[in-house]
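For reference, chains read A, B, C, D and E in written order, and residue numbers begin at 1 within each chain.
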Amino acid sequence: MEQILVNGTILAANYALIALGITLIFSIMNVLNFAHGQMFMLGGLIVYYVCVVLHLPYALALIAAVVIVGLIGMLFEDVFFQRVMRISNREENTMLLAVGTSLLLENAALSLFGEKQRAIPPIVSGVYRIGNAFLPASRALVLVLSLVLIAAVLVFVNYTKTGRAMRALAQDRTATLLMGVDAKRISTLGFGLGAALAGVAGGLLISISGVNAGIGTAISTKAFIMIMIGGAGVISGSLLGAVVLGFAEAIGYALIPGSVTYLLIFVALIVFLLFRPQGIMGKPAA
Amino acid sequence: MVNASRRSVLKGAGALALATTLSTPSIVRAQEKALRIGQLGVMSGPEASWGLVNKYSALATAEMWNDKGGYEIGGTKYKIEIVSVDDRNDPKLTVSGAERLTGSENIRYFIGPNTDTTATSVRPIAEKNNAIYFPYAFARSLYTKPAENAILGMIASYQVAPIMYQQLKEQRGVKTIGFVARNDSDGLLQRDEGVKVAQTLGLEIVSSSDTYEPTITDFFPVMSNLVSLAPDLIVLSSAAPAHAPQMMRVARELGFQGLFACEAAQDIKIINEVAGEYGDGLISIGGASTPEIRSPYMEEFIARYTKVAGEWNDEAGTKAYALEILLATLAAAGPEAIDDIAPFKAAIDGFSMKNPFLKEESQLTYVGTGDFGQKRQIGVPMVITETKGGAFTTFAISSVAS
Amino acid sequence: MRYFEARGLTVDYDRVTAIKDISIGFDEGQIVALIGANGAGKTTTLRAITALSRLKAGEIWFEGEQIDRHAPAALVERGIAMVPEGRRVFPHMSIRDNLLMGAYTRKDKAGVARDLERILARFPRLEERFRQSAGTLSGGEQEMLVVGRALMAKPRLLLLDEPSLGLAPMVVRDIANLIVEINRDEGVSVILVEQNSRMALRISQYAYVLETGRIGLEGASADLLHNDHVKALYLGG
Amino acid sequence: MTLLSVEGLTRRFGGLVAVNDVSFTVSEGEILSVIGPNGAGKSTLFKLIGSFLPPSAGRVLFEGAVVSGLKPNQVARKGIVRTFQETTVFKEMTALQNVVVAHQLGVTASPLGTFFSSAAARADERRFRDSAAEILDYLGLGHVKDVEARNLPHGYLRALGIAIALAARPRLLLLDEPFAGMNPEETDRAVAMVEGIRKRGVTVLLVEHDMRAVMRISDRIVVISFGSKIAEGSPEAVRADPAVVEAYLGKDDETIGH
Amino acid sequence: MAASLDAIAGRAPERMGGVSRVLLTLLPLAAVLYGLIPVLFAGQPYWLNVMTNGAVLSFASLGVWLTFAIGRVNIAQGAFALLGGYVTALLSTLYGVSFWLCLPASALVAALVGAAIGWPLLRLRGIYFAMVTLSLTEAMRLAFLNAPGLGGGGILNIPRPAGLDTPLAFYLFAATLLLAGYLLVWRLATSRIGWVFRSMRQNEELALSIGIDVARYRVVAFAICSAMGGVAGGCFASLQQNIYPASYTVSDSINFMLYCFLGGLDFVLGPIVGTFGLVIAFELLRSIQEYQALLYGILMIVVMLFLPNGVISLFPLLVRRFGRGAS
């Protein structure tokens, strides 16, 4: 039982970073970032490269992952998304573009880093015991770092000028422009921040389980599940979605024979959406 | 990264070369007697390494022979050309790829594909177009009559399990066993076969219901369940080289003291990278090339493979056999077999050659009568390895009964 | 050169001319009204001034500086704030954050804090609900919030687009009085776009009547209020 | 004869009562207006009658049969058709296509017949095109019938919205703020249009903010404030009702700016 | 000239008579499918196979296009292809049912399941519907993987349909199927039903207000789409003679959606052009191996950036340009 709690907490914290990033991008740009999982993967591979190939410290690698993936996000937003949003007839076109960027990132990663599973040696060793549960130190570290990062993002979004501008932009673009906000810059920044969060999540996770070039779609799918549970575009909802998914997975793996866990999660999700299509925290569609 | 980038360059060069090959009319080549062998498999996406190892192995063998002026069949030396086609592990693309090799390119022999899904999709094409292929997939229907065009290039998991578990029971005193399987068709089938074997051997099965999604990112929840039952042995059914080390690391972090076993080949480099000090104690089917048993020819092959691929992959130890035995059988069947598989099929049953990859004198033949009712498997030695101090060491050597 | 001067403003939407050759000008501290029928081009004129719509022709001068090439953000920094039509509060942000968004371009933290106090003092209803999200306010309260938000930018020129739209007459009166007070107490010049012509003419000094994208009539508001043509057309008899 | 009766209609959103126990009836052939200050619950009432929202309590009867609980399209089939505020039309169709497609309730061909373009289906289409052209001409949109709706001048969109509703052959037309944002001249035209619609045999229930226009065309007026009905009667009676004046009109304008 | 181009793009002029409209719309596609392709590739089973894949995939994409027409981004077509594939596989291997009966059965089962799932789910819109259908694809895969009695495995040795044992025969069958599918969707799109779909896409509330039974039409569109997916799955199961839970995954569903997008959502021919375009492009890119997929991604972004309304949107542009040049 304690083990389920520990497992759920760790998963939830990891997932929260992923969900937070995709939510930021969605709320500000109204773009469902299909490439989110690929950005996560890239973050992991960058950490691998810096740590294992360049033999530099993990902290540095993590910073590199944040910066590079963040810059890639900003670049995509600036070069691709703004153009497509300007010229296309339909809103859905950004979705296709996002799929295109995900293919691009995945194959670029495949060419650069190869197809193999990559991981880095454990940063810390040892195992804590909490009651009957095990908590390996490396996982505890990731948990703590995740929580710190989540808190930092929440503080940034809620209490800084730029964060406020991001939230404002998500709610009313014209009014935000009239406040003197450079909406283009904030959008780019928001996309970059969302991407960077995916990157840092990947960079953290590689230290405990490794990544390979092909995991992107699976991560994106999980991110989608979380924002469907919590409500798209709502930050508190994405965190809640992460907690729900994390614990559902932990409980499922522990209690359900066979691996119908994910099948059940999907079925539950579909049924849930029938009753509450906007997710738990989402605002009802007008 | 040095490796990776060099490999990219090599890949680029290979791609260019191949592009020229494909766009150049075949008349030009016909003058210098070429023998074209196909290779069809997954070479992109998460499973890319399976097909790529086939490709690099074939290229390495081909280059070694071409350097010597070609392979001699019926008194003529043939330059060997490898024509590779990526199927992305998508049956639709495998089918069109096989059609391309055996139809458009008129190739009678090809290596691959790499999974049950793709291999069974290829079967009708190969039979229609009269081609022999060497899948790396375990589906029995491919090798049992009425099918007779497929030759299993490696040892199937269900052939490994009885021997592996028996040895573990006898040598390491394994009494309790737990299974965790990859949740896809291959994984579940392998687990079910493994469970049967364990029952026959009288081992106590503590758990056989744990599975994980191939897309998993964290094995902690999966493994914590199994580790708490503390079996002597954890079998990782159909664990990909990417996943096995993660599972080991998690289990060790959770305090697991026992052994691991896997009927699929693993990659020692990934094990070292991912599992590090936790990588010891994995019993798996090896690449038939542990240092203790390999011949100088194998050393040469390894060197050549490393040049082609950028880094050595232990899986290639098994996959080296396909082209070598294919060529030798062709030589035995005579030049007419190049364009007609009937003589080749006829030659299979009586074929025998000295195993070039092993230090000790032993014969390499086709086997499989026991499992498939006909000789449709390469008699690759079954080398069971154990990871120790960051390297594969030989745990047991056996073979598939003819 | 007057305090504010726009000359020959022309804007096209999808190759259809929305406004053509509109010129307006006034002195510091004035309230100027733009009135006219729906679709006459009032909102487009405001959007052109705040650079939300692209000018096809024309130039705009404010405090002796040409401003028609600036981005919306730069205009806010130069002291021009606009309250858009339909009370566009940030519904999921608190009153406080809404007001702070108004001060986005300002660097003087102490000044911002002071102004926040001042504006809350002016709008006690907002202070009561300081931490609530703006979406929970009534229409009139939201109008106060957006005016307060615009004031947080410390503007010298305030553009108001249809502040009375959809408000009950009682509330319209409050808003009208508020505009007059702000103009008087803070010395802010105002361009007021209104459907409610009577109200607009009553509180402004000068007015322009827009008809299908052009200026049809202009003059002192008091005169227009009694002009028979205007009366017949826009004041509803 | 009573066409529509609203009985004790109530709608709560969380703790807020948007419509509180409202009852009134609409007789065949009359123009009835529901007015009230902004936020009084007019729009919610409107959605309740059109079945776009389920009521928390009370019911709506049309020709004596309960219609609350039906889906909006079923209510439309019974003959209650609404318009929308602002510019709700099919933006990527021409004006004519907008109105032709709105004849859906008049389809006589079977779905299969429609698919295979049977004689009945072709006759339907011919009929719809003629009828649509007639409606557009009637509402003064004849000359823009082939213009895509998104390119139509703003002023035409509201008329197109009404044209779409008329195509569904309503017995009772619900007009949602038909005069909002119009200048006196435009309002005059719109008032004439609504009266014309009544002459076509359509009963009209309109919700409006603009008192002046309403006073001119309504046979009766229902006034609601804070969700509750506070007055009902002829325009003159309502105008004289002190409760209405206080809740709705407030005090005299002359205090502005002084 | 312009009229026939419009017809090619699936937008035959409305004033034309019924039969000639049908012919004008079908002929160009029929000419390519029955004339050009067999002549070009008759002796090349490989290319015939690629074309067969293209035709059957186009058929499934046409279904997805139909859900775009009602304003839903559908990422569930892989699920229905999988379902249809299993229906055909089970019926033909367990009961020896003929392929020609299996296919309608696949269509029927897929349509029924589609209708049952679609009825409630279609209330969702926008990205919510997209995400939930994506989940549906994954759920379907997991359901077959964990289905009792299937042993987590695939079904092998599905008999090849009698009479379709040469690549050319199967191709011609696939081409006919595609042509039929095209006719179906084109008729739906250009008849009153299509206008009803369009009205729902543009404004569901308004459509409701004029008496359109939006919920029913949505379900009908989705069920037809699912049926087409089921048929495609059944075809591939017979063509490849096997089906596995992993035969159709999320990426297949995404591909079906992409084909529609890239071809152009405003044209019935869009999904066909998009599918063939990408399938052929992928095969042509084979010669550059590992960079194949990378270039594929870049290609897609380039199309998106410069032809955001699909490849077919190029046609009217070209016509305008050359038309102007000529006159």
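Heads up, the rule we're going with is that a contact is a pair of C-beta atoms (placed from the backbone, for glycine too) under 8 Å apart; a residue touches a chain by one contact, two chains touch by 3 or more.
Which chain is which protein? Per UniProt: B = Branched-chain amino acid transport system substrate-binding protein; C, D = Branched-chain amino acid transport system ATP-binding protein; E = Branched-chain amino acid transport system permease protein.
Quick caveat, the model's predicted, so the values are computed rather than measured.
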Report summary line: Chains adjacent to chain A and to chain C under the stated definition are none
**Report entry** Chains touching both chain A and chain E
**Finding:** B
Requested in this report: Could you put a whole-Å number on the gap between the CA centroids of chain D and chain E?
Outcome: 41
Query - Inter-chain centre distance, chain C versus chain E - centres from mean C-alpha coordinates, in Å - result: 53
Query raised in the report: Taking each chain's centre as the mean of its CA atoms, how far is chain B from chain D in angstrom?
Result: 73
**Report entry** Interchain centroid distance [CA atoms averaged], chain A/chain B, Å
**Finding:** 36
Report summary line: Note: chain A residues in touch with at least two other chains are 107, 110-111, 217, 221, 258-259, 262
Query raised in the report: Considering chain E alone, which of its residues make contact with at least two other chains?
Result: 142, 290-291, 293
Report summary line: Note: chain D residues in touch with at least two other chains are none
Report summary line: Seen from chain E, its contact residues with chain D in the complex are 18, 187-188, 191-193, 195-196, 198-199, 202-203, 205-206, 208-215
Requested in this report: Using the touch definition up top, name the residues of chain B that touch chain E in the complex.
Outcome: 11-12, 14-15, 18-19, 22-23, 43-45, 84-86, 88, 91-93, 95-96, 99-100, 103-104, 116-117, 120-121, 123-124, 128-129, 139, 141, 183-185, 187-189, 192
Requested in this report: Show which residues of chain E lie in contact with chain A when the two form their complex.
Outcome: 73, 117, 120-121, 123-128, 130-132, 134-136, 138-139, 142-143, 146, 250-251, 254, 257-258, 261-262, 265, 290-291, 293-294, 296-298, 300-301, 304-305, 308-309
Query raised in the report: Can you list the residues on chain A that touch chain B in the complex?
Result: 3, 7, 10-11, 14, 49, 52-54, 107, 110-122, 127, 134, 136, 138-139, 205, 208-215, 217-219, 221, 249-250, 253-254, 257-259, 262
**Report entry** Residues of chain E touching chain B in the complex
**Finding:** 44-50, 53, 57, 142, 145, 151-154, 156-157, 160, 165, 167, 236, 239-242, 244-247, 282-283, 286-293
